[in-house]
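Note that chain A is present in both complexes that follow, paired respectively with chain B and with chain C.
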Partner chain A sequence: MELRKDYFADVRKDGLNEIGQPRPRLDSPGHVTGKTAYFADRNFPGMLHLKMVRSPHHHARIRSIDTSEAEKHPGVVRVLTAKDVPHNVYTILILIQVGPEDETVLADGKVRWKGEAVVAVLAETERAAQEAAAKVKVDYEVLPAVFDMEEALKPGAPLVNEYHGQNYYLYDSGECRKVRFGDVEAGFAQADHILEQSYQSSPIEHAPTETTGCVVAPEGNDRFTCYTNTQAMFFTLDNASIILQMPGSKLHFVGGTVGGGFGGKVDVIVEPIAILGAKLTGRPVSFVYSREEEMQISSPRAAEKIVIKDGVMKDGRIVARKVTGYTDAGAYSRHSPYGAQKGAAHYPGPYTIPNVWIDTYCVYTNRTPSSAMRGFGVTIGDFALEVQMDKLARLIGMDPLEFRFINAYRDGDMKAHRQPTEGAALIECMQEASRAANWPVAEKYMAMSSYRKGA
Partner chain B sequence: MAIRRGRGVAAINYPTGMNLGGDPTQALVHSTPTGNFMVTLSSVDLGQGMKQIMAQICAETIGVPTDRVVVDTADTDTGPHCMGTFASRGTHRAGNAVIQAAKEARQVMLEVAAEELEVNASDLETDGQGNIQVKGAPQKSISIFDVALSAHFKRGRSISGRGMFLIPRSYPEKETGAMKPSTCYAHACTVAEVEVDDETGEVTVLTVKNVFEIGRALNPKMVEQQLVGGSWMGISHALYETTEPYYPNRDHGGTDFNQYLMPGPGDLAETEIIVLERPSADGPFGAKGPGEMCANPQIPAVANAVFDAVGVRIDTLPITPERILRALKARAAS
Partner chain C sequence: MAKVPVQFTLNGSEKAEFIESGTTLLNALRDKIGDTSPKGGCHQGTCGACSVIIDGELRLSCLTLAETCNGADIKTTAGLAEGGVLHPLQRAFLDAFATQCGFCTPGMIMAAKVLLDRTPNPSREDVVEALSGNICRCTGYEPIIQAVLVAARANSQNAA
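And then the complex of A and B:
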């Protein structure tokens, strides 16, 4: 790595004692010698193991659940169903007043994706819990499922989630989050060329070294200590408090040493049911995802479909950009309504375009609920935007890097969501990339600056 | 049939923080009787080094070496609230809270030192080595060890501080989408070089040259670890990863690391990282959040390089050999 201190030296104070110094990490020796304690290193006498009975269907009505054989299985201590969960229908963003509550801790009457949790089994060993889970009998009436976002949005498509009533998230702005800036149709009318292209991604797994999980210990004082690898301590505690209808003062969360998150540990999935198990049995409970659960059950990065329509001039100026983005939330919201909204604010990318129209949709389908992941709402958008930029440059016969200089945002430029640009540095990054990659651009671009006089 | 070479570029920006319900984080700082400093938080270290960087921020602000600071985090019985470690917000939000708390603690520390030295607190400075001295007269000094002892046992002062950083909630305007969803933006430009085998569709990423602008490299070695890892993840997203290879078909999802494809050490490209620092107005010592953005520009840069190499556009991620071969076949047929 090379620090190029010559850029922005006039606005930066170097020479501090501790900041800017490559101090060795104090936690590294523990990590590399195996001495660091993670949540799963907690092992309490009498600890029970929790395993989930999961839906084998993408969409089905539950006619009945028979747990009698599972309860008789040697080593089984308790079997939990929806009726055991005090506030079974929840949504994590309700803490910041983003509803509706649309997801069940344990399925009640219906499953909406393959892998959905239906029954929780608590047993003396992981093996006993697994074997007993296989003995739970669930009678399903399979329902038509919808997997494709465009199909899901058509009239008459199977309804994925009754708590929404339609297969998209209803924002206060309607069926999508909108950004309107300038007059996009006038922009297209004046453009020398129009290019409309469609981009698509597939769900992606966070693939942390350490799978999602927690260990819960009942304390002698009517409190519960939850050792967890969540990325958000109070977010998880406060949601657990709602789901369990238990005062937050009864809950003590301990974490902060996590074997990789990447956004995969911001959902509140394992903690509430494990705490409930500890409460109902009076014993410590461990609930840790297997690698298979981490890959196919825990939320992935959403698949996205992005349609970009651009109007561009022969001289390289983009004069209009219309983006329609679709985020595949799967069966439940989790953080996806926020991800789609974040996308709306991110478009049209780091470029100054006078006429912009953005619609971003959060769509429900019968698949594993997606949620946050590194670059949430932006990563796939950047793929689409930057491939589109390459296509536009070639369309008008311009060097792709020079084309970006022409449109790059600079200090003071108004963004489509009506925030003035501050602290821009796109131009300088491209200038340095031009040098480092030996990709020459015209001298006038190398002389540009993100600064504007007076800005 | 041949191995064909191409290169592609991408340039991006990335917002720091989330703003749906407001974006708050708090911190507490206090000294021990012997002048070490405890930072208490509920932020989570995901392995990226959150604790280390909070220690350096506290140390710089108070004016002591980093090894005099201990970070106690993610215990909800002791640590004040943090939204969580996500949205590139950890260093920025918690760092600002730590600075505010450390400034308050530093002020008390200087007041106690001033009483011991019989001077005005405003005339004092720290030497960064664990001592407080009179500006312009460094021979008149006292160790922070002695100041802390005095505060605890003689002066009855608590050398401590409270820090709070809050970005207030932004409600998007319904019709125009006017909103303030985040604060400072980090930037990047990546150039990727690839080889594509037009017989097998296999892509080899030869080099990625990444330029990242991150506000301020608070600890350059830790910046490097995060940016190199991110660059690798971007390549992985571009060419390999998905839980549903035939999305929207739900079948064939990988369930372990044999089936879920990621590049191994032998697949890593030659990676160059160049860092620019334009300090942000609201960041701790100017830092922005580079944690997420560093994994983004490689994806389109590789996609554009594949087109440059073989002349077909793969607009669906991941860019698998199968998709490349199908596109080459379709082009040959048309």
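And then the complex of A and C:
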């Protein structure tokens, strides 16, 4: 790796001695000797195994639940339903005042996606828990479901989530997050060309090698130690405290060792119910997703649809950009209202455009709830934006890299969401990329700078 | 449920346990004997994280019943370092940054060990083939392949 310090030598202090030097990872010795302790490496005598009964329907009313046969199954210690959960309706981001609470720990009267947790079975062995789970009888009345975001937004679409009352997240700005900058219609009127394209992505599963799970051990004084592979320790602690109506001082979370996360382990799903199981039985509890659950049940990256309309001049300047983004939250919010909001701030891309209009919707459908994954709200947007940039360059017959130099943001430029640009390095990155990829651009672009005015 | 006795050698020491009939070797090692170095990533024979060496052969311990291992000689990554000195494969995985989350690492090292025991000077293709049953979600396979090649070179230098 080559470290180039010369670019900003005159403006930025640089005491970087470590970058570009290999340094051993602190956790690797544990990994190569098999000594690293993942949550599932904790084993306690008398530990119970938790298995979930899950909805086979995308959308259904629950008429009744009969757990009597399951309770009689040999090895079963306890069966939990919604009424056992002290604060059953929650939402993760309530901790930062992003409500309403819209998701049930265990389904209560309704299921909104195929795979939703309905009943938890605790048994002496995994096998007994699995067999007993198959004996729980749930009587469902199947309801019409909606899987497509645009269908979900149409009047008369089945209502996915009553806690919202409509199939989109209601921001304080209304039905979507909005960015308004300049006059986008005037920009289009002035443009030499207009290009409108639509981009779509499917949900993506993180597929960590270690599946989601936790092991909970009851301690003295009604305290519980939860060994977990969560990526969001304090979010999980605080949400567990709310769901269980238990002070945080009763909960001791041990974690930080994650067998692959990629954002897939930031939801608060397995810990509260496992702690509840430990509390109600007085026994240690292990709740580990099977590989099938990891792939089908854990939140994926949201599906997105992004419509971009750009006005561009023959000389390469983009003069107007209008973006409508749709994020498929699935049946519940989890982190998706935040993801959609991030998209709104991000969509102009790292380009300075004088007239911008952005609407991003967080939409509810009867699909698996989506959540965080590596740059969620931004990654798919970047795919769409950069494909759009290539198409625009082709439209006006310009080199795609030179086209990006013309539009690149530079220090001092006002961004559409009204943050002045600071510390930009896009131009310098592109200059290096041009050299590294042997993709030459005109000398005037190689002389540009992110921070030197006029250069 | 009926318990059955099993007895085998694990990393050189004798082990004997009563287990429930049908218990996988993976669960027996992890939950009964306390060797948690083999990992369970899928419990269905697709990820390779549970790989161990049984009588010199690479095996998926999640698909092996413990009761079929009576008298076997079983090796896991936990037993690889001798007297606190890392095995060349372990050293190479460290130096080549071939671990990230580390969950696949013990299985990868087992697969590589069986390769090097048989083919001390493997080609890159040999390494790729030997690791083809092991999934890594984090590292990208290149550093892992490089680590195995580096370990092979270190081995042959020691032998020379």
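Assume the second predicted complex is superposed on the first by the 436 of 455 C-alpha atoms of A that agree within 3 Å, B and C clash if a C-alpha of one lies under 4 Å from a C-alpha of the other, contacts with A are read in each partner's own complex, and residues count from 1 in each chain.
We adopt the following convention: a contact is a pair of C-beta atoms (placed from the backbone, for glycine too) under 8 Å apart; a residue touches a chain by one contact, two chains touch by 3 or more.
Just so we're clear, the structure is a prediction, and the values are computed from it rather than from any experiment.
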Which superposed partner A:G260 touches (first chain B, second chain C, both, neither): both
Which superposed partner A:D41 touches (first chain B, second chain C, both, neither): second
Chain B versus chain C as contact partner of A:K309, first or second or both or neither: neither
Which of chain B and chain C A:P29 touches, first, second, both or neither: second
Which superposed partner A:E422 touches (first chain B, second chain C, both, neither): first
Touched partner set for A:E432, first chain B, second chain C, both or neither: first
Partner chain in contact with A:R291 - chain B first, chain C second, else both or neither: both
Partner with the higher number of touched chain A residues, chain C or chain B: B
First (chain B), second (chain C), both or neither touched by A:T211: second
Shared chain A surface residues [contacts with chain B and with chain C]: 22, 24-25, 27, 31, 207, 258-262, 291
Touch list for chain B against partner chain A, complex: 7-15, 18, 20-22, 42-47, 49, 51-52, 55-57, 59-60, 63, 65-67, 73-77, 79, 81-87, 128, 169, 172, 174-182, 184-185, 187-191, 209, 211-213, 215-224, 227-228, 230, 233, 237-238, 241-245, 247-250, 253-257, 260, 262, 272-281, 285-286, 288, 291-293, 295-297, 299-301, 303-304, 307, 313, 315-318
For the chain C and chain A complex, residues of the former touching the latter: 20, 30-31, 34-44, 46-47, 49, 76-78, 80-81, 86, 89-90, 93-94, 97, 99-106, 109, 135-138
In the complex with chain C, residue positions of chain A that touch it: 22, 24-25, 27-38, 40-41, 43, 125, 207-211, 258-262, 290-291
